[in-house]
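Down below are the structures I want you to see.
Two complexes come next, and they have one chain in common, chain A, joined by chain B in the first and chain C in the second.
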Partner chain A sequence: MNKPIIEFKNINFSYDQEDELILKNVCFSINEGQYVCLIGHNGSGKSTIAKLLCGLLNYQDGEILINGIKLNDENLEALRKDIGIVFQNPDNQFIGSTVEDDIAFGLENRCIEREKMISLVHDFSKRVGMENFLSKQPEELSGGQKQRVAIAGILALDLKIIIFDEATSMLDPQGVEEIRKLVFDMRKKDPKLTFISITHDMEEAYLADKVICLKDGEVFLNDTPENVFKHEEELKSIGLGLPFIVKIKNDLLKHGIKIDENIKNIEDLAGFLCK
Partner chain B sequence: MQIKGFNIKYIYNENSIDRSTALNGVSFTFNQGDFICIVGKTGSGKSTLVQTLNALLLPSEGYVNIDEFFITGNKKLKKELLKKKDKKQKKDNKNYSNLRKKVGLVFQFPEYQLFSNSVINDVMFGPLNFGFSKEEAKTMAIKALSDVGLNENYYEKSPFLLSGGEKRRVAIAGILASNPEVIVLDEPTAGLDNKGKVEIMKVLTTLNNLGKTLIVITHDMSVVQNYAKTVIVMSEGKIVHKTIPDKLFDEVDLEEYSLEVPLFIKFKKLLKNNGFEGNLEKISSYQDLIDEIIRIKGSKLNG
Partner chain C sequence: MDSVFGKYRNLNTPIHKMDARLKIFALIILMVACFLPYARSSIINSEGIPEYFGYYANTFLVLGILALIIFIIMIISKTSFKSFLKSLNAIWLMIIFLLIFMVFIPRTTSTETLHPIVTFSNGYAIYWDGVLQCLHVVLRIILMLALTLILTSTTAPMDITYALDWYMKPLSLLKIPTQIFTMIISLALRFIPTLLEKSQRIMKAQKSRGVDFNKGFISAKVKSITTLIVPLLVSCFSISDDLSVAMYVRGYEPYGKRTNYKVLTFKLSDLLAFIILLVILGFFIFLCVMAQHYHINFWEFFGIKGTW
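After this line comes the complex of A and B, so read on.
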């Protein structure tokens, strides 16, 4: 599957016409079904890209193509139906007065029939472990509970493109793992589902099909994780670290200890070092 | 200065049908100069607990004691606690505004904290509010902003039009600027890039070395490993463990609390289980571990 589903072509963007450019000549493409991580230092432009992609911000310069169609005012509504974003701050997501209404909101908007909607709300609230909170108000939830509800509201929509903007930043380690597995299962069931994750977690980025790294509003690196994380010094210069496994391998290599290229997790590495 | 919690209960919506108990009998003693990390599953009561420390939430039962302050929402208990106290102390315990000079709290979501039209005004608010002159407040704000990695380009920007990580930095600076004796931070490193995380944790460590008490809620186990002196595990509204990080990662069944060991420790355990030849017992840092692997494997390569 090498069909580009998202293409950014020479996008320049500023929030305020007079202001400096926030995005500078941004170009990249993402294929249908890919799992892409968008990384970069604070303020590098990741959330801005996500908002442009969902049509929440208008662009003036360059082109954004979704599934080959140029995103513009006329087709915005239609294209937006297939794209969902979980915001960096879940409070920006909540519209309903209860958790149940909230998860249902997107479904209602898409005119899903009532019975199906109810079953989807129950199914997805359960999948994120929030089934016992349906009648609560979103503001009555803990930070991690809010993020779980925001995630359920998007995952329930049967979308073609899903964007997580640091959607699991407040979850406990096992919660992060659970959501990762949930997304993994959905992608397995629907190989055409394109998933974009904005993250500061390099362990996650290491698992992606592709990593796009931003620096001051420009695409700095755009490659497989393996290749992106070869640039230790460049990443460090913009304040980013490496996945643990890559860091150990690099540090050992500096002392002449070469680790087999096929070793990609710490389980295998430990085995290798104990041979 | 000590912070003591005595059998604290906190119940949200106490008088309605959807009342929910978030803290269910929590007692603790934090000493001056402690660096405490609080960890635990989503919804275990961490944010609720720390909000009682500066009286944003008043315990339904039990109380927190910090110097002359007794923090409780239980009127009968409060009356009892303040019975033999002098007028000043009674007054201090009315609205707790002096308490907030002592105990600064950074919220889990920075948006809850930001309010001003510019970053500099936002950060100056604390010092101004606590009686510093405009010049003093500005100097303090600039120092705090530089500590969190924000330079003069940010001063006049609206805090609401910043990126997620930039907002968090401003929120942290807002508390640092007031220079409280106790600094409480709810997920301070969430949303920060690696450099920001390391820099801010360094600043906190420096403050701790100067004698300040640090209380940090985090889901990042490497923060616990690298910075905490004491770690507290919460579960279902209770403190279930209070220990040192090494013991937490060694002795506690973390899965039960939705936690996990940091990768460095996980890797060390894997080496041990695979029968690694080197001596892993004394290794307490990443660098030690690398050195030990090099000692074993390097000598093999060379000989």
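After this line comes the complex of A and C, so read on.
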């Protein structure tokens, strides 16, 4: 389980040779089955990392290893078949005209036979809870539903790595909660699935296995959420806050109340305090 | 959004269930039927007397039959008449244009056969022929509009695309990448509602900044429209950017091989519909030949006699 699936080694990247570097000497590794959150201020290079991973951008300097294989032009086609991205805007990534068409789009591209495709579409629409909406058009769906369809379309491809590029930032709190639950189920069903979430949502980051914080294109912090959120001042300096629960814990600590490290959600905290 | 012309309505009628390829074929057949010449070839009837209204009545009668057929199809397919009437709004300008042209310049070989309604002192005249010819054209356009409306409101855009893809198949023998056209059409259809919503949002945003889209002369209107079009164009580019990235990530290759999720099936009921269509086409060709070749007045079958 501890095999690194993604490794970034000294990546420098800029869109143009003369331009300022967007990524500066970025090094990190992500293990198979991990849930990693990439956080950072706007323009810190989070999305660039996602684009580099699936070959949308070419890196000039350094090495990206996926499953131990160096990503280059020759093997890009093969390697990017293991990576899927769910983007921010639910409307702009809805390709098919109906829910089922959209889930099937990626499968069509992989030349999967029709019978198998139909059963896959049904399975995965059920998994994201959209089985009753198969013939619906995107206008008839809410943002959260569209995003779930996008996730089903990615999941159906049987990928090893799934990246959420601010996938929940345009959703209402209910939509965010739905997607979070879905991710939880997804990882439970397939423990080998590596999940990278690019997010501004610190609450989500707190639930991750690992948090990588970027600052001006450099890896600033790369640790477990507990350790990352100990750097309150540094995070504040780049415009990031702390998750609610960490704030409460810190405040309680100031008043001399020590909270158990394992408590990760509000309910548990309330239970602990009532004891 | 209900007012969008020909927006697909997901209902369960025999017309909805019909094969999309057949529906496109039917559209072409019925459009041809709309535009066949049903007038007799000459205004002079068999007794050597000119029959002005009779000459035009043939066409009106046949178009009436066609209108009835289309009306029945509309009822079967539960096409909304409201949206049909709304779509007629769009062709008002065209009708006025036609009227101006055809009323003043009627199309006849010799001026002697023209029937003036009013003759002005300077020699100009408005002719019955022009008015009636104009009405023919308008009627045909309205029927065509109704047909298109039926097709688009009963067929999912994707099915139309698949059907078009099927019709374009022979082109792939000439190494023309038909699947790219199909993808372009389907994406365009997919994004119409998204862009409409976006344009409405931009319109509201501009209105709140003081742009008035309704008032003013044409020049003012053009100016206010640019405040809508420029942001819309910009957002179009950003959408297409996002979309192309999303498609790439899901492994789309324009020239690559793909399988199809949806397959069009030609059912037994479609065969029946196909036969009915051929009968209809045959009937209208028959009418056309009868009128053109044998100078037959159709209204006489209804017991109406005499010259008009």
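Operating definition for what follows: the second predicted complex is superposed on the first by the 224 of 275 C-alpha atoms of A that agree within 3 Å, B and C clash if a C-alpha of one lies under 4 Å from a C-alpha of the other, contacts with A are read in each partner's own complex, and residues count from 1 in each chain.
Note that in this section contacts are C-beta pairs under 8 Å (C-beta built on N, C-alpha and C of every residue); 3 or more make two chains touch, one makes a residue touch a chain.
Just so it is clear, the model here is predicted, and its values are computed rather than measured.
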| item | value |
| --- | --- |
| Which superposed partner A:S135 touches (first chain B, second chain C, both, neither) | both |
| Touched partner set for A:N89, first chain B, second chain C, both or neither | both |
| Touched partner set for A:G241, first chain B, second chain C, both or neither | first |
| Contacts of A:D172 with chain B and chain C, given as first, second, both or neither | first |
| First, second, both or neither for A:H200, with chain B first and chain C second | first |
| Touched partner set for A:E113, first chain B, second chain C, both or neither | second |
| Touching both chain B and chain C, residues of chain A | 89, 91, 135 |
| For the chain A and chain B complex, residues of the former touching the latter | 15, 40-43, 46-47, 88-89, 91, 135-136, 140-145, 148, 165-166, 169-175, 200, 202-203, 239-241, 244, 248, 251-252, 255-257, 266-267, 269-271, 273-274 |
| Chain C to chain A touching residues, read off their complex | 1, 8, 10, 156-158, 186-187, 189-190, 193-194, 197, 238-239, 242-243, 245-253, 256-263 |
| Touch list for chain B against partner chain A, complex | 12-13, 18, 39-43, 47, 108-109, 111, 161-166, 169, 186-187, 190-196, 219, 221, 255, 257-260, 263-264, 266-267, 270-271, 273-277, 290, 293-294, 297-298, 301 |
| Chain A to chain C touching residues, read off their complex | 51, 54, 56, 80-81, 83-85, 87, 89, 91-98, 100-101, 104-114, 117-118, 121, 135, 137-139, 153-154, 157 |
